[in-house]
Structures are given as structure tokens and as C-alpha cells.
Amino acid sequence: MRPSGRTSNQLRPITITRQFTKHAEGSVLIEFGETKVLCNASVVEGVPRFLKGKGQGWVTAEYGMLPRSTHSRMDREASRGKQGGRTLEIQRLIGRSLRAAVDLGQLGENTIYVDCDVIQADGGTRTASISGASIALHDALFHMRKTGMIKTNPLRHMVGSVSVGIYKGTPILDLDYIEDSSAETDMNLVMDENGGFIEIQGTAEGETFTGDELMQMLELGKQGIREIFDLQRKAVAV
Amino acid sequence: MRPSGRTSNQLRPITITRQFTKHAEGSVLIEFGETKVLCNASVVEGVPRFLKGKGQGWVTAEYGMLPRSTHSRMDREASRGKQGGRTLEIQRLIGRSLRAAVDLGQLGENTIYVDCDVIQADGGTRTASISGASIALHDALFHMRKTGMIKTNPLRHMVGSVSVGIYKGTPILDLDYIEDSSAETDMNLVMDENGGFIEIQGTAEGETFTGDELMQMLELGKQGIREIFDLQRKAVAV
Amino acid sequence: MRPSGRTSNQLRPITITRQFTKHAEGSVLIEFGETKVLCNASVVEGVPRFLKGKGQGWVTAEYGMLPRSTHSRMDREASRGKQGGRTLEIQRLIGRSLRAAVDLGQLGENTIYVDCDVIQADGGTRTASISGASIALHDALFHMRKTGMIKTNPLRHMVGSVSVGIYKGTPILDLDYIEDSSAETDMNLVMDENGGFIEIQGTAEGETFTGDELMQMLELGKQGIREIFDLQRKAVAV
Amino acid sequence: MRPSGRTSNQLRPITITRQFTKHAEGSVLIEFGETKVLCNASVVEGVPRFLKGKGQGWVTAEYGMLPRSTHSRMDREASRGKQGGRTLEIQRLIGRSLRAAVDLGQLGENTIYVDCDVIQADGGTRTASISGASIALHDALFHMRKTGMIKTNPLRHMVGSVSVGIYKGTPILDLDYIEDSSAETDMNLVMDENGGFIEIQGTAEGETFTGDELMQMLELGKQGIREIFDLQRKAVAV
Amino acid sequence: MRPSGRTSNQLRPITITRQFTKHAEGSVLIEFGETKVLCNASVVEGVPRFLKGKGQGWVTAEYGMLPRSTHSRMDREASRGKQGGRTLEIQRLIGRSLRAAVDLGQLGENTIYVDCDVIQADGGTRTASISGASIALHDALFHMRKTGMIKTNPLRHMVGSVSVGIYKGTPILDLDYIEDSSAETDMNLVMDENGGFIEIQGTAEGETFTGDELMQMLELGKQGIREIFDLQRKAVAV
Amino acid sequence: MRPSGRTSNQLRPITITRQFTKHAEGSVLIEFGETKVLCNASVVEGVPRFLKGKGQGWVTAEYGMLPRSTHSRMDREASRGKQGGRTLEIQRLIGRSLRAAVDLGQLGENTIYVDCDVIQADGGTRTASISGASIALHDALFHMRKTGMIKTNPLRHMVGSVSVGIYKGTPILDLDYIEDSSAETDMNLVMDENGGFIEIQGTAEGETFTGDELMQMLELGKQGIREIFDLQRKAVAV
């Protein structure tokens, strides 16, 4: 039924490449099928002004799409002179999700910037970003410990994220672009390794969704994120 | 247990004043306790460029806070030269929620702008905005029919919205500022009059939330929104 | 002769509501007929960079119009990314007028921001803003004394402001929107309680004005401002 | 008593150089003592959007200061990314003053931009700008007639402008920078050749001014502008 | 002598990957050693306003660096709200270089945007961009012919580019970051396949360079670009 | 053959006026024929953040064109809200060229801003800017020594600049606007008094240029710059 031939609860093939670039303390290329996002975590001494002198650190994210990561070319945000509302909304979501995974007090007065740049888009860029950023963050924290910037590991758990939706009346997992374009409902889930929810963002496009549909989507999402955690753990075990 | 003495499933007193200003086709001051938002719906001929010639209309929203609507003064966004990410995120949410209530084909090539400006903030400004904007939209559409701009009523249903959260371990309805500031989880619900979900946005602040807590919050929210629909219907019946 | 039936030297009904919102140290809704402006004075510790270390304070103003405060909807300045020339001109005028009323040396290194936001416009928003801001400033200074931030009252006098103009060849007081739109001359006066002039800004629209007309407008304005001072004094006497 | 040794009603030496640059249809360097402003009037076919199809033209002005036209270097507005409030206020004043001199209906659907760029500032740049722009406008209109763009001369009269003020308690004419910096009151007058007022903008700096002082300043200003009209007429008679 | 052990006239290993992403009509990842740039050519119907109705096309380029493509993280230009001078300078250079290779008349009223985004920087990003963009442009033009948008091939020749410089007194070819940081002179050459010069941009850093050094650099650059043309031809022959 | 009747190696008449304005520490109006640029050098205490505490100074440049310095009026960059790519490219070139002439260590922690504002453009504004800025810089440094801000002269040598190009197949020196508009190649050279190259920027417009043509252009440029150095030396000898 799905254009790709996947079953309703089937993730796309997920590939995780660590150390994709050489400068960033954590650098991960994550692929959810044809969606490819480069997640670079940078360790920078100091914290934003509102945290100065409080003895804690900060984790924040920025998100961007290369102009031709999409089917038709989008304007370059740097050239238009501002980031769009969708971009800001996504980078706020990534940032909150990552901060939920870190004990900021153990970070010292350091900031980790995680840049998620979409090389190729085919649906689910924000959930791929979060899932990849979690590993880049892991690697950046490991680098900080190795170089003595911090003594203990502030990472409480990995963060996994996936989209679910109602497509032609059926709940499905991990929507690609074609599915996303005509889905009645689109929902993004972010969870921790203990099954706790960090973020739920569900939007009806056209038709509203019922409580039952919500339950089915949550169930699909939980299963999908469990698989993502397995892949993340395998990736960092190398 | 709640600072205000409310029970966990108790809304704040809600006041709806229609025709609050005289120029807008729909003008509603909505108060959720001490939170006061002015929702003005303006009818403008024509549609944005991406809809030209498609024979349908558009509904969009803008959101702003007066600089001293908050405890300490915020910078004026017009003076800083851009709207912040939170502002853009909220006005996108309001716009999507309202469009879910309107048959855009019946609007003709007209645009309705709904401006939600926060006069005084005490938590829940985005859910108050949506609940008030729904009435302002209703009034603007009525004005369009009365003046012959449209023949039929494009409004499918009212839209209601409320926040729920986990506060000191307990699910509560309609958080005020004090509760919001220390809640473990904050969730905004938007629904239609038939009990369908339009938007769910839940965020864990510090602690993640469980599936059970999610269910309890959804239940509280559904009840609260039912009460809001009653108040909306009473207000427009006058 | 005037569309409203007022005599040439008659002010519109003026209403002053103090403590209109709860967060600001001074909060005044002022109404000149159908023109409604919310004036919030905020006390903020510290001064702009150019005054640091000089042992004095600062008073400044910002002005804005809600997008649908006017007959047809205006673009939101925050969304356009900049304040227009008219806005900047008005907020500079309000700021200068208020500073003329305050002994900045007695303020200490504190800043008072007065935000004048137009809820509904029907002509004369700048003069209503100044007249209302003067009371909001008064209340904020009272708050500073009460809380011990300052020892003495830096307020030298109230500030009153009104518009005058030539309408169909006749000098009139306090123009509403209809009059303003077709007036040959529009002049704004700002004065102190001793009859001294703080600002005069007169503009010929179409036809120039003579010295005689100027004299008549000044006379009308002086009378009008005297009445405004009476209303201000009554308002703060409560 | 004046730092320059001038009497209270004495203008600075005024020099007017037409055709100062070669591209502009009207190009005037005007000098009021050490204040030097280049006023270029450009004729451009077409009108702003709000005037399209109305069969009339438009006259508008832009103002700028070279970064080192002043005692200490100012930031370049193009580099800061916006024009300041003072700049916008001044260019609005110049534009209004020039439009008062032109029958826009006779202009056809053409726009005249008058750029006033301050090469060297020593007080009174806005009044020098207006007085010089009037001649540049005259020359641009002459060019339009000569080239057949218009049939009749839309210029009703020249526009003259000068500043007056209260300096050490005495009303004086045409303040230079030193006087302006310590004047109690600063007023700018714009008039037509028939003695009609186009603009009056008076500001008390520190001390308010009385009605008597206002009368004295107006008298001084009228005399000064008469002299400026003589110089303008001589300049264009060549 | 060179940190990398290369001889003075030795290029870094160059890798060209076509069809690196799937949406762009031409998509090339080009690597000059550790410098990696993604060059995406997008075909868009229509031309910029200044070319409308002239029956010709346009080729333009945009350039960006991912925030962590560099040793330490740079601010994201989209977030700062403007592109820096270096970025604009480079994208203007790329655009001019590509236009020199295309007969714009044969393009029809179509625009090709070439986006050069630096994934990893190690010196020479602008010359790698031009060399890779030339292939992406080639592929996009091939796509246009295949799909019938154009009848003939507007590409006159490939464009090759390389940097040369004076490093520790010796002319060298294709500087990497370490060499670039301490070179006395840095020069970028752009040439066509017939040995004609398209662009020369040489800058002395600290010490000026002599006519003899210039000749030696030009000679090195010509040789290097010949090798690049060989690699380009091999890449597109596949 | 040249529209102006000049021989191929003939400069336009060059005029240098020092102390053109009174506030700047160095103020030079330089004219290359009809091209007129005002170059003002300002001495400001302190250095940009990236140099703080390093015990050295900085020299930087800004460039602008008055809106009607050109044949048809250009938009004012301050009003458009940003400097264009051409402007940034030119001011970066001027800044680098001037820094090549100064021992920044001898400047102390001071900055010299050189503002080059084009009063009238007729081709070659960037080379005229550099040639004039060199003298303004010289004068500003002299002022610093005279007032005791620095003990020794940090100026190593003057900087001269001229354009060369291929026009109708012939190499020519110092292109005016008509020549520049139809030249096949345009090259800007910046040199020091010892014949060393500081910058070479050559661009083929339409046709590429050969090595031989490059040599001829360099030879013409060297001769032209020698003449400019003679004029600079004469100007500062007064």
C-alpha cells in the first residue's frame, strides 16, 4: 500500500556514519532512506549571556537545508536575510530534545552547538536530525572527557525520534516525502531510552484525527524509536 | 495544591468580549484569568502569490506580545528588527489551527488575517489566542456573508484550545504562569467541536512523561475544551 | 460644522484608566474619543551605554500601532522587519517630551521605558500617547519612590499634548480621523503645566498657513492642554 | 555674543553652486557657512505603487550624512543595515516641504527623487538641505520641460528654510553647531515665497519656551528666509 | 618543504563524484584533498527581472560554508541575517566564471543557479567550487537538452580553477589551509580549455610580489588547470 | 581610437585636493577625469574585538556611491538595508591595499577608518579610491604623530592603483565609463612605490584574455601607477 512497498510499521533503511567531517568534535551523517542530514557537534568554551556565572553549560541546535536538498530549489536563507518560521521551529525542537538528554551542570561553562544541515530531503528531516544529533552530541561529550574538559559524562541517555502519520486512513511509521505530502496527519515523536516522552508534535492536515488513531500512532512510534536506539547503540559501540 | 486554589481539572474564569475594537471585521478580547489577548480578524481582498488564480482563499495569523505584557519588559520585536522563533512558532500554530476550521474554497480569493496581540500575559497565551481567534474568525466570516462577499458560510466548526501539564507530579488543566514556570511537562491541545484533534504539542521540561501521564493530560484537555466550546457558543449566540 | 458636531474649541471626551495592566509599574489606557492608547511605563535598572557611569537616568519611549487599530489593516512592523519612519518620528517625539518633564539626575542609573501601543486609532494618537504616557510615568516614579529606588520625585511637571489644525478654513481643536484626513494644516503641541512650550510641530497639507492662523491654533491648543492637565490631575489624585 | 561674532539676526554666508555633478537633472551644492550639502534631483519615469494609474506624479527625498561629515565619525547607515530615526525624520520633512511646492498633477506619472547628502556638517543640515533641494528641484523640472516630458511648470514657488533658536536666553537666526549644541530651544521653519508657513518644528532642550520667545523666533526666521529666497532667485536667474 | 610533502607543482588528489544528490539537475561533490564542496546546479524557468523579454538566459552562483566546515565553528550566515563580504565576493567570482563558459542566448529564458556549499574546508574552496560547478553546469545543460528545454548545447568550454601562491619564498600550486595561512601571496586563476584567462585575483599578504614571481605563479597555475581539465573530461566521459 | 581621444597609455587628468572637508584627520578629493571620490581618513581610539590586547592597530575602509553619482539613480544602500556585493568587494579591496602600506604594530591600539564616497562616477572609482585613500591615510598618520598619538611613522610607502583593459582589441590605460562598459577585459592593479604588486584583479568580460595581453596590460599599468606616485608625492609635498 505504501508507495515504497514498506509495511506500515517499517522504518526506511537507516545508515549512520560517524566522523563524516574532520573538524567537528562530533560529526555524523545520518540517512533515513533518501533523507540525508549532516549533524556536526561543536564544543565552544563559554555560555550564552543569560547563563554566565551560573556554573552550568548549554546545548543548542541550528538547522538548515541546502537550497537544492529539495525537489525544487528553495531560496538560500542566508541570502534572503532571515531564517524562516519552519527552520526556527525545527531548530528549537532539536535543541530542546538534546537538552533533555544532558545534565547541563556537568558540562561546565561550555556550549555545544549542534548544526543539522540537510544534504538531501525526502521527508522526516527533523526526526533524522534529532536521531543523528544525539550521536554527534555523544561523540562531542566523549571528546570533552578525553581532553579533560569535563570529568564525568553529562549524557543521561540517547535521544531517538521518528515521524508517524495517517496515510490513506492507515497509521504508518517513518513517512517519506510522497507519504508526507498527502498524509492526513503528521506526528513527530522524541523519546528517551527508557520509553519516556520528550516531545510530541502532531498536526492534522485537512482531516482531524481521533483518540484511537493517536494511540495507534504512538504505538508505531514507540516501536520505531526502539529500533533507532538499537542502531544508535551499535553505531557508538564501534 | 494549585497556587490559585483551583482543582486539577478547573479552567480559569474565561471572558469573551466581541467587537472590542471598531475597525476589524471580527474583534474579540479573550481573557483566561489574567491572560488577555486581543484577536482581530481582518478581511482583505486577494490572496498570497502562491494561491493566485486557484479560486480559493487563505486564513493566516500573526501573534505579538506588547513589550510590557510580561513580568519584566521584553524587547519590542519591531524595534529588534525581527520576530523571534517563539513568536513565529506560535503564529504558525494559530494559522494552521484556524485553517483546519475553514473550507478555503468557499472563501473566494480573499484572505483573513487574524492578529493575536497579548495585552497581558499570565500563561497560556497561545491557547487563549486560538480560542479567541476562532470567534473573531466567525465574526469576520459573518461580516463577509452579510456584505455579500461570500454566499455560504465556510466555517466548518469552532476551534478550541487549552493547555495541560504535569505540575508537581499531577496532571492539571489550563496552567497559569506560576504553574507553567515549574511544570515538568507542558502540552497544548487544539480540537474541533466533534472531538477530533487538530494539534498536539507536548514538551517535557526536565523530566520526560509517560504514556499514562499523556493519557491523563489528553483526558483533562478534552474536558476543558468542551467547556471552552460552550463558552464560545454562548458568546456568538448573543 | 465639525463632522462630530463638536464646537471648534471642544475636546473629545477623554477617559483615563490607571493600572490597566498588572505588570507595568505605570499602566494607563487613555481614550480621546475613539482613539485608545495603552501607555505602559517600565522601570529597568541600568542606563544605555552612552550614559554609563554618569550618575543619571534615562527616559525613552516606543510607539506602535496594532495592525488592525486602523481602518484597513497595516502590515505588522515586527513582521516587515523594521519600524517605519512615522513610527520612529513619533516615538522620538514622545521620548523628548517626557524627558522634558523629568530631572534625570534624580533618577539614578535607571531607565524608564514608556511603551505607547495604539489599540484603536481615530486621529491624534501621538498627542493621546504623550498625555497618557505622562501619567504612566508619574505612576512609575511613584512606584520607584515607594520601593526606595529613589529618594525624591524627579517629576517636574505633567506633560500635556493636543492637536490643532485648520479644517475647512477654520482653526479647530483635537482633530479626529475624518478631520485629520482633510485638514489643510495639522499641528501638534506639547506643553508643561506652567504654559511653557515643549514641542510645536505644524505641517501644511496642501495649503500653507499664515501667521494669524498659527496664532489662533496656538491659542486653541493652549486652552485644550489646560483642560487635559485638569483631567490628568484628577486622574492621579484618586 | 555669538561664538562666530554674528549678530542675532545674521545668516551665515550662503553659497549655491548649480550643476555641481554632471549626471543629475538638478545638482546643487549649498553651503551655509561650514555646512555643505549636495542636493541631487533625479527624474525617474513611473510613480510608487500607491499612485499608479492616478495620473499624477510624486516628489520624495532621501537624506544621508557621509560618515565623517561630523566631528567624530558616525557609523555608516548602509553598513549598520538601517537608517536611523533622525535620518528618516529629516527626509520625511524634506519630502513634505518639496511636495508643498509642486502641483503633482502637472508632473505626469513621473517621480523626482531629491537626494540630500551632507558632505560637511556644522549645524542646520536639514534647513540647508531644503533650501538647496528647492533649487535642484527647480532645475530638474526645467530639464523635464526642455526635454518635453512635461508641458507646463509644476513649480508653484521656491521653498526656503532656516533654523532659529534661543541661545543663552536670546533668540538667534541660523544656528551653527556650537550654538545648536547648547541652545535651549531649536526651531526649524519652512516657508513659501508668499510668507506662508509650510512647516514649523520647535523643540525645547532642557528649558521650555514662552509664547513671546516663539514670536521672536518666528520673526527672525521670516526675515532669514526672505534673504534665502533672494539668494535662490539670484542663483536660478543665471 | 611543503607540510604535505607535495612538490611545488603538485596538485592535491582530486576526486569528482557526479549525481551526489538526487534532486539537482547537476550535482557534483568535488574534493581537492581535504577540501570538499558540493556543487548543485538547478534549472529554473524564467530569468531575473533585468533580463525579462530579452530572449536570453542567466547563470548565477551562490556560495556558503557549513558552520563547522572550518577549524573552529563560524556563525551561520542565515542566523546572523546576512551573507558576509567574503561570501558575496566568492559567489560573484563563481558566477562570472561560469557565465564566461555559456552562450546565454542559447539558454532561452531560463536560469541556472549553481549552489556551492562547503562541507569541509582545507584551503582553496573557491577554486574547487569553480572546478566542480563547471561539471554540475555541464550536467544541468545536458539535462536541459535531454528534456527538450534547449536544442543546442550552450556550453562553450569547461572552466578550471586553481590557486597558486608564494610560500616561504617559493611559488607553489594548490595551497592547502596551512600553506594558505602563512603564504606571502595568494592568487586564484580561472581559465578556459584553450588557455585563455577568465579571472586572475592575486593578493599580497604582508609582502608584495614581483613581476617575476607573478610569471612563475601563472606558469604553475596554467599547468595545474590543464591537469584539472583532464580530470573534468574524464569525469564527464563516464 | 579612444572615445576621449586619449592615447592608449594616457591617464585622465588627475587632481588631488587635500583638506577637502574640515573634520577628518585626512580628507582628500581625488579626481580621475570626471570620476570624483572623497576619501576621508578618521582616527579612532581602540581596535576591533579580534585585535584587543595585541598591541597593534587596524586600518579598514568603507566605500559608498551617492545615489546619483551614476548615470541613472541607484537605490540608496542605507535605505535598502544592506550593502551590495560589489560595494563589499570594493571596500575589502581598499582595506587590504591600505593595510599593505602600514606597519600596524607602530599604530598602537588605534583604528583608521578610510571612507571612500563617490561623488561622481565615470569609471575607475575603486582605483581612484585607493589612490586617494593613500594620501588621506598619509595625512591622518601625520596628524597622529603631530598630536603625539604615535612616535614613529607607520607608513611604509604610498599605494597607487589604476585600471587597465582590452578595449576593441587594444590594451589601454585608465578606462573611463564608456570604455569600461564595452571592454573585453578589465583589470585593476595596486602597487607599492618599489614596483611590487599588492593586488591584481583581472576579469574577462565575454572574451578571455591571453598571456600576451596580460603582459601588455601589466606594463601599461606599471607606467600609469608610476605617474600616479609622482602626483601623490607632489600633493603631499605641499
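First chain written, first letter: the chains are A, B, C, D, E and F, and each begins at residue 1.
Everything that follows uses one rule, which is that a contact is a pair of C-beta atoms (placed from the backbone, for glycine too) under 8 Å apart; a residue touches a chain by one contact, two chains touch by 3 or more.
To keep track of the chains, here are their UniProt names: A, B, C, D, E, F = Ribonuclease PH.
Please read all numbers here as calculations on a predicted model, not as lab measurements.
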Moving step by step through touching chains, the smallest count that connects subunit B to subunit F is 3
Farthest chain from subunit C by C-alpha centroid distance is chain E
Expressed in whole Å, how far the mean CA point of subunit B lies from that of subunit D is 50
Per the C-alpha centroid definition, the whole-Å distance linking subunit A and subunit C comes out as 50
Chain centres from averaged Cα atoms put subunit A and subunit D apart, in whole Å, by 58
Here the gap between subunit D and subunit F, centre to centre from mean Cα coordinates and rounded to Å, is 32
Among subunit B residues, those touching two or more other chains are 81-82
Cyclic order, anchored at subunit A and moving toward subunit B, comes out as A, B, C, D, F, E
In the complex, the residues of subunit F that touch subunit D are 21-24, 27, 34, 36, 38, 40, 42, 44, 62, 64, 66-73, 76-79, 81-83, 87, 113, 115, 117, 119-121
Listed in rising order, subunit F residues that touch subunit E in their complex are 82, 84-86, 88-89, 91-92, 96, 100, 187, 191-192, 194-204, 206-211, 214, 218
